[in-house]
Amino acid sequence: MIVVMEERATEAQIDAVIARLIELGMDVHRSSGATRTVLGVVGTGKIEKEMIEILDGVHEVLRISEPYKRASRSYHPEDTVVTIDDLRIGGDEVIVMAGPCSVESEKQILEAAHAVRDAGAVILRGGAFKPRTSPYSFQGLGKKGLQLLARAREETGLLIVTEAIDSEGVDLVAEVADIIQIGARNMQNYSLLKAAGRAKKPVLLKRGLAATITELLLSAEYLFAEGNRQVILCERGIRGFDPATRNVFDLTAIPVVHKLSHLPIVADPSHGTGLRDKVTPMARAAIAAGADGLLIEVHPHPERALSDGAQSLNPEQFSELMNQCRAIAEVIGRHVAAPAEV
Amino acid sequence: MIVVMEERATEAQIDAVIARLIELGMDVHRSSGATRTVLGVVGTGKIEKEMIEILDGVHEVLRISEPYKRASRSYHPEDTVVTIDDLRIGGDEVIVMAGPCSVESEKQILEAAHAVRDAGAVILRGGAFKPRTSPYSFQGLGKKGLQLLARAREETGLLIVTEAIDSEGVDLVAEVADIIQIGARNMQNYSLLKAAGRAKKPVLLKRGLAATITELLLSAEYLFAEGNRQVILCERGIRGFDPATRNVFDLTAIPVVHKLSHLPIVADPSHGTGLRDKVTPMARAAIAAGADGLLIEVHPHPERALSDGAQSLNPEQFSELMNQCRAIAEVIGRHVAAPAEV
Amino acid sequence: MIVVMEERATEAQIDAVIARLIELGMDVHRSSGATRTVLGVVGTGKIEKEMIEILDGVHEVLRISEPYKRASRSYHPEDTVVTIDDLRIGGDEVIVMAGPCSVESEKQILEAAHAVRDAGAVILRGGAFKPRTSPYSFQGLGKKGLQLLARAREETGLLIVTEAIDSEGVDLVAEVADIIQIGARNMQNYSLLKAAGRAKKPVLLKRGLAATITELLLSAEYLFAEGNRQVILCERGIRGFDPATRNVFDLTAIPVVHKLSHLPIVADPSHGTGLRDKVTPMARAAIAAGADGLLIEVHPHPERALSDGAQSLNPEQFSELMNQCRAIAEVIGRHVAAPAEV
Amino acid sequence: MIVVMEERATEAQIDAVIARLIELGMDVHRSSGATRTVLGVVGTGKIEKEMIEILDGVHEVLRISEPYKRASRSYHPEDTVVTIDDLRIGGDEVIVMAGPCSVESEKQILEAAHAVRDAGAVILRGGAFKPRTSPYSFQGLGKKGLQLLARAREETGLLIVTEAIDSEGVDLVAEVADIIQIGARNMQNYSLLKAAGRAKKPVLLKRGLAATITELLLSAEYLFAEGNRQVILCERGIRGFDPATRNVFDLTAIPVVHKLSHLPIVADPSHGTGLRDKVTPMARAAIAAGADGLLIEVHPHPERALSDGAQSLNPEQFSELMNQCRAIAEVIGRHVAAPAEV
């Protein structure tokens, strides 16, 4: 931590700041220039930026290390590879998760599961519990939806990723799902993160609409703090000013996360753009940017979907997307994971 | 709802859209101009914008009514006044809630309670359960904090507002608090909103960092949908691009909410700016813009606070703020509510 | 400047960075902790952050002084008061500038000028050269508009503020106007800033839609660099994500500027909100936040305006706004300047 | 245009709105539902949204056609291909423009030109006139820089793109450059756009930091309005809230522009990310998203650059980037244009 004093700070103010830092268990190196004094602060004391910012004569406090620890690449230099059965997320393979926004019926989810498997997806996505902006929108089938997902796994061999929206739901979801999804709206729902951290399943953590990468990694840190190290991050669009798209799909987050953290990161162009005809080019772009996987909404009949139909691909579109993504993955020395024989 | 067809839409496409709308229970009025066909859609069918956007030949679907209902001023033209004992929030009076970010100790919360009461606040704020960006930051005293708040109420007669961060916590908070706070990070935590909607206490709902006013009102709608109509909204700053302040304090939200909704709205300049020396001018500005109340962080010794010290006022600064706000309230025909005699 | 080295930086890398800094004319203080080395850099060399960021082993470069100089309060601690005849902008008085978006005709501008003067404005605003998003929108009357503004000044004694949109226009505007306005879209049009810096008239510099306060002050620095110190800043709304208002009116910018700079800052709630019924509450809020003046769109017949009618007040609304603003200015120890007798 | 009346609008208000629309030369179709009246408005009258929004009883005015005309794909369904000598921008080929941020010396620009040509670029970029946030930063070599660019073209056969920052500069730049660049800060500098529109050279128009796609196309419309149809758009990052990157690189703008307009669009990952190690992955992503070209900062010695060194590639890095981009272009059925034999 660097404490920059005001130009006009008095000796008494500087001394008071140093005394407070020492009281908090830190070591202080003072360096006084022609116009300002700057304090270099190191140590293991429990200290927050704002505790010092408030002191008289302090101009600014600058962090020099990341506020997250176990999610940081400095702490764990090798890539984390989340392994589920034979599938490895975060290594050379690119993992595609696909399926409808919501589980709507047995017929729909089985049809979707077969379609995405035929095109080459290895994980089935589908919401049983849906966080919806309006209380009047379809809220998902709940437990019944989880049962249908389990049924789809039996039939197709696909792994399942589905969302938990509260701590009670985590247990229900963990019984069925192979990966527990934490949605963007809940990225800073810390009770939910703690519950997911205690579950024995990998977690897919989506970036919040207004979250910085630092905040995303701090939310991952909540999972680590509870003992869960199987974390997959997901870029799914941030809030922007242009109504031309639903969100701003921030693909630069992918190389940024890869530099700061050892965790894998996948991309969700369906939510990231909100527009069906933008999903394929942006899925290609995500792979080219280095994403460890994709999360794609596919519905057997998008025009009949109960939610998010406007951003869902039909099976033919998805199959074409897979072909293009396979070729791009090869260009950068990776390959798209293929479903196992059933 | 208005459905704007593409310029090149065929008759068959137009007919298919009309058929789908009728199937969904809507009435359709067709109007064809030189270049485009536009469909006016009315009725009580359960329909979402995206169900139609996806159909072939559709250029755009435009809503003509708000997606929220019971929170809307069209639905309930008179101002909602939330009444707790003798206090009325949303009428002529301006209500000031003040206190520390977190309850830290009996001494601290009692000292703070007396100080804010002496300066004229009528509600004591203070967090027992704290949602913190980092798992390594102070997380609040929990139940012990609630007991200390109850103790402060006994001594000072102040009402209590404090945050619940999960559905289990709602019951604990509701036992002690006069107002249950839902924080900005949880504005779209729907399980929490449903629990708070079932509690028999007023709810202070803070706007999320990236929430539109429409989304804020839709979250209020979750409370209404569970039967709780005692809702107070709160503007506390939105995410912006300028590091000069922690957030962008969007005071225009106050007259915007007053036009669209019947609910009262208060302002939190402490979080809205994140900077102690900006709290007083922006509190004055909030009153001048028509806020129904203020939420102010006051700590007996800000430089010793365990959280948010950098944005907390000391009691003298708060007392001066109250004097200025009283005078501004008078200019616009309101007055700041005074604490009752104990 | 603080140079934070990477945790794994080698001695050779650290030495190379120090050598480069010395080559650039700086003094370097090295401080090595358990995990990192940090370099404190002072001196008068011509150096930019990015020149050092690119060197091997550098983690981050942090500025500790503002990049602007003459606009900074450290450089010039006393408030700048821009004086035009008897009017003082930036002192105790609050200055109101009002008038139509565009000069449309002699009748319109004279009617507007009399109306705003009667209500108490001291400066007449009105565009002769209009920067419009679409080339098909009304672009202003040009030189003819300037003549009409001069005529309005003769009749009413009001001072004139009007916009220049290119360097050639600066000379034309400077002949007639008392204050040259630089619009938000041109805040980083450096050729225009240089021309305005050479003019012998005060400049009203509006904050760009996506400009930080630092960038606003750097644009002011361009005016200073050409010798013009009569600069008035203006907050007029920044780009946001909520379509409920045209812009986000960032009133916290007022106390932020007052702390960082000695320059006066006025507020424009007409553009800041874009909505007529929000102008009055937000004008009050601006005064309460400490604005040194207001810029308000007033049109004798807003429903007939050729531009920005939806955000223009009519004379009665403006007169009521003036009454409220006068009372709020008194609360904070200021008063609204009154027009001189003609 | 659709005019949505308020629920409580009176018959007199509705009649007044209809009368005003007819007066403005429009045809009106009235459609009254149970709760609201909606007016469909068509015709060729000169009318702006805000002229109607201000009328009593109007709830909202919705556009149903784009405000731009000649830049729209509805107006011109075929792709525009900008042709310079043998080079075609906007067709199957992907065009790479590369070079240093600024022209610094003869040695530097020639070395850069040879290096980028050797790696396969076909256009040399380099600024002679630099718009810099601070007046104290290096402002470019001016005319001398243009001469050096001309010299580099002679030697290498590369075409030249360089920026003009004011209307006088357009003539100077047009004498030398093959493409005139309008920078992001000047996207709404209408005097500059008009001058560039009158020049007989193609224009590269960069998206402003806070510009919507609609506003970008409206700025292109200024060029069209002056008779210049050789317009190339450029995505170069928009302002965001996360300090992890300099800008948010909005690659979805590429398929959005391709749908709404017939104009080619290239991407600038150097400014889009601001970070050297992010340029290569995001250049690949841009090609995968369908960009018609790239604009890349390459400096023979980035650590010695006078501006933007931190985001410049060295020649080896650029050469590797070209290899990857060639392969990705092939995947989507395009190919990267190669320099002609000299």
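All chains are identified by letter, namely A, B, C and D, in their written order; residue positions are counted from 1 within each chain.
Methods note: contacts are C-beta pairs under 8 Å (C-beta built on N, C-alpha and C of every residue); 3 or more make two chains touch, one makes a residue touch a chain.
Keep in mind the model is a prediction, meaning the values are calculated, not measured.
Novice: Indicate whether more than half of the residue numbers at the chain B-chain D interface occur in both copies; give same if so and different if not.
Specialist: same
Novice: Which chain has its C-alpha centroid at the greatest distance from the C-alpha centroid of chain D?
Specialist: Following the centroid criterion, the farthest chain would be B.
Novice: Is the C-beta contact count larger for A-C or for C-D?
Specialist: Looking at A-C and C-D side by side, C-D shows more C-beta contacts.
Novice: Approximately how many whole Å separate the CA-defined centres of chain B and chain C?
Specialist: Distance between chain centres, rounded to whole Å: 31 Å.
Novice: Could you work out how far the Cα centre of chain A sits from that of chain C, in whole Å?
Specialist: Their C-alpha centroids are separated by 39 Å.
Novice: Between chain C and chain D, what's the gap in Å when you average each chain's C-alpha atoms?
Specialist: Using C-alpha averages as centres, the distance is 27 Å.
Novice: What are the residues of chain D that contact at least two other chains?
Specialist: 210, 238-241, 243
Novice: Write out the stretch or stretches of chain C touching chain D in their complex.
Specialist: Of all residues in chain C, those touching chain D are 20, 46, 48, 50-51, 53-55, 67-69, 131-137, 165-169, 185-186, 188-192, 208-210, 215, 218, 221-222, 225, 238-239, 276, 302-303, 305, 307-312.
Novice: What residues of chain A sit close enough to touch chain C in their complex?
Specialist: Against chain C, chain A makes touches at 2, 4, 7, 27, 29, 31, 33-36, 38, 40, 42, 59-60, 62, 64-65, 74, 239-241, 243.
Novice: Where on chain C does chain B make contact in their complex?
Specialist: 210, 212-214, 238, 240-245, 248-256, 259-260, 272-273, 277-278, 281-282, 284-290, 324, 327-328, 331-332
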